[in-house]
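Please go over the structures that come below.
Across the two complexes that follow, chain A remains constant while its partner is chain B and subsequently chain C.
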Partner chain A sequence: MSTYLNPAFYAAVAILYCGLQLRPAWCTRSAWFGALNLVVLIALFGAKVTVAFLGFSCVLWLLLNRLCHSRQGASRSMREVGIYCGVTMLFLFHKQALFWVDLLHGAGPGLDKQAQSIASFFETIAFAYLYLRSLDVIRVVSAGGKLLDPISLSGYLLPFFMVPAGPVNVYSDHVKIDLEPAPAPNWTSFVAGIDTVTSGLFLKFVVAELWKLYFTGLSGNWPASGLVDTSIILVYVYFDFFGYSLVALGVGRLLGIPTPVNFKAPFLSTSVTEFWTRWHISLGDFVRRGLFIPLQVLMVRRFGRRWSYATNLVALVLCFAFVGLWHRFTMTFIAWGLLVGAIIALEKIVRDRWAETDASRTESTKLLQRILGPVYVFAVIVGTLHLVIPELLGQAR
Partner chain B sequence: MKPVDHRLILSFRIALIVIKLAAVVVMANQASQKFVYGGF
Partner chain C sequence: MKNCNLPTKLSCSISSFRNPQLVLRDDLKAPDVPGWDSFNHINLVMQIEEDFGVRFTTEEIAELANVGEFKSLIVRKLAST
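The block that comes next holds the complex of A and B.
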């Protein structure tokens, strides 16, 4: 059963809503939330998974704590790179978990069972999102930001309501909850939170599922032979993912835990660049602050400001290659990421040239852009998605 | 201009919440009997 249809999930939300109001004065809000969150994780996903996840949080905290207390210099940089690499190795293991399970299959019942349980652990805790949050913590702490205690850190790394489908919350926003006074519960914000949650449930479990039922029937098998099929799947994914994100957003608002908005009418975008600032916004923001800006700064320092425009384009393409790899660690997804990155880089070149012309400033041109832009964006997104659809559906083309 | 009646807005919001929840419950009930929810 989907986590968001599980009555235990809503019982946990209600208990946490009340529990957060009973916070003792000696305990910070982030630590209190972290502790209650662990209890909920045990109730929803089991003690084994929660203890393993807490172990991960503690190890990350220990490594970052040592990093905070080390002196500036080469050894500190090496430690920082080491933490990044360690977390990335775990992420790659998560992406290839099924491969390892297959490899260990037949190596003896004990090993096989262990491999299965490790694979299910990585699947359950949605490691892809945990990885991005870990990178955000490492980036902020290594730049001199505050390191939360292990329990608070676990509350940031894996809030129970973001387990099914994100979004990627921001570490510096989570740290701020200890600096600001707790919002007093009131009827209007309570209803607004519930309204957001129910809107998400409606989009995911009514709109998206009716859309799917209409096109696939009771069999539920997606056809994926043509571009029209891909566009039908894209619309389904939009309602499905938007619905999930809204439920997480609503629960976050109810509990007073910073939860980013993930969608802002992406199909009204007039360029592919704009589309990626409206679709899965939290991932786009993460890539911008955690990868694009550091990469751009690094390349400008290395090659000089004269090459800043070219390095900007290269950084764009590399960031989208990362986005592709983050979705799936396969050549198809790298190719998809590189293609989307190249389209966005090309758009940037055309847009910069176009902005210099007089024609770009007329009202009729702007109107035409607003009408034709969304059509162009939809066509490009469907076209690029078409490349990866067979792999997503587990069909060989 | 007449002031906005917040109680009316709140009632409208609660009614919408009830309708959305009812639709989800009906779909979930149908799902358990006839089809399976799912993405990919």
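The block that comes next holds the complex of A and C.
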């Protein structure tokens, strides 16, 4: 059953809403939330999963704590790289779990069973999101940022209401909840939170599911042979994901836990570049902070400002390759990422040339762009999505 | 270099956006200025590093939200050098 259809989820939200107001003065807000969040995780996913997750958080905390106390230099850099590699190895295991289970089958008594149970644990806690949050913590802490205590850290890494579908919350924002006074509960914010949650539930369980029912019938099997089918699936994914994100956002607002906005009318975008700043915004922001800017800085410093345009284009394409790999670790998804990156790079070149022309500044051109832009964007998104749809649905092309 | 007036120097650096009417308010954000995208932003940051003789970390660049924060960051960097 979907977490958002589980009555225990809403009972947990209500209990936490009240529980967070009863925070003892000696406890920080992040630690209090972290502790209550662990209780909710036990109620929703069981003690075994929660203990395993807490173990992961504690190991990450220990490694980061050692990193904080080590001196600047080669050994500190090696430690930092080691932590990045460690969590990335776990992520690769999560993404290639079936491969590992198959490989370990027969390699030793019960090894494949153990691999299977670890894979199922990663699936339950949506490790793909946990991985991105871990990277964000490592990035901030290794740059000298504050390391939260292990319980607070667990509250950042896996807030129960972000388990089903993210979003990718920001570590620096989570740290700030201890620096600001706790917002006093008031009717307006309560209603706004409930309104966001119910809007999300309506989009996910009414709009998206009715849309799916209309096109697939009771079988629930998507046809994916043509571009029209892909566009139908894209609309479903939008309402489904937007709905999930709104529920998480609403719960985050109710509990006063920083939760990023994930969608801003992406289908009104006039360019593919703009689309990716309005669709799954939290992932885009994570990639910008954690990958694009470091790559930009690294390459501009290495090759000089003279080559910045070219190096920025390369950084852009690499970032989209990462986004593809994050979704699924296969050649199809790398190809999808590279293709989207290349389209955005090309769009950047064309738009920069176009901006220099007089025609770009006329009102009629701007109006035309506003009308035709979304059509162009929808066509490109459907076209690129069509590449990966069969693999996502487990169908042969 | 360090004695230069900060807003004036920052204006000079941001003049790369070729907008003479641009007023550097503290709450001014990159999306408010046509042409100030992620590509030009990194050039601007590198230009400011050269102009002021400071060096920013990627973390600091990533967290910049508006001109006011940029000014404060430059002041902090100048103070620490």
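Note that the second predicted complex is superposed on the first by the 391 of 397 C-alpha atoms of A that agree within 3 Å, B and C clash if a C-alpha of one lies under 4 Å from a C-alpha of the other, contacts with A are read in each partner's own complex, and residues count from 1 in each chain.
By our rule, contacts are C-beta pairs under 8 Å (C-beta built on N, C-alpha and C of every residue); 3 or more make two chains touch, one makes a residue touch a chain.
No experiment lies behind these values; they were computed from the predicted model shown.
Judged by the touch definition given at the top, the superposed model places A:392 against chain B, while chain C stays out of reach.
In the superposition on chain A, contact of A:348 is made with chain C only, not with chain B.
In the overlay built on the shared chain, the residue A:293 is in contact with chain C alone; chain B does not reach it.
Look at A:253: by the touch rule set out above, it reaches neither chain B nor chain C. Common to the chain B-facing and chain C-facing surfaces of chain A is no residue whatsoever.
Contact residues on chain A toward chain B in their complex (touch as defined above): 2, 5, 187-188, 191-192, 194-195, 198-199, 201-202, 205-206, 209-210, 213, 218, 220, 222, 236-237, 240, 392-394. Against chain C, the residues of chain A that register as touching in their complex are 139-140, 143-145, 172, 288-290, 292-294, 296-297, 300-301, 305, 308-309, 312, 348, 355.
Residues of chain C that touch chain A in their complex: 35, 38-39, 42-43, 45-47, 57-59, 61-63.
Note for the complex: chain B touches chain A at residues 6, 10, 13-14, 16-17, 20-21, 23-24, 27-28, 31, 34-40.
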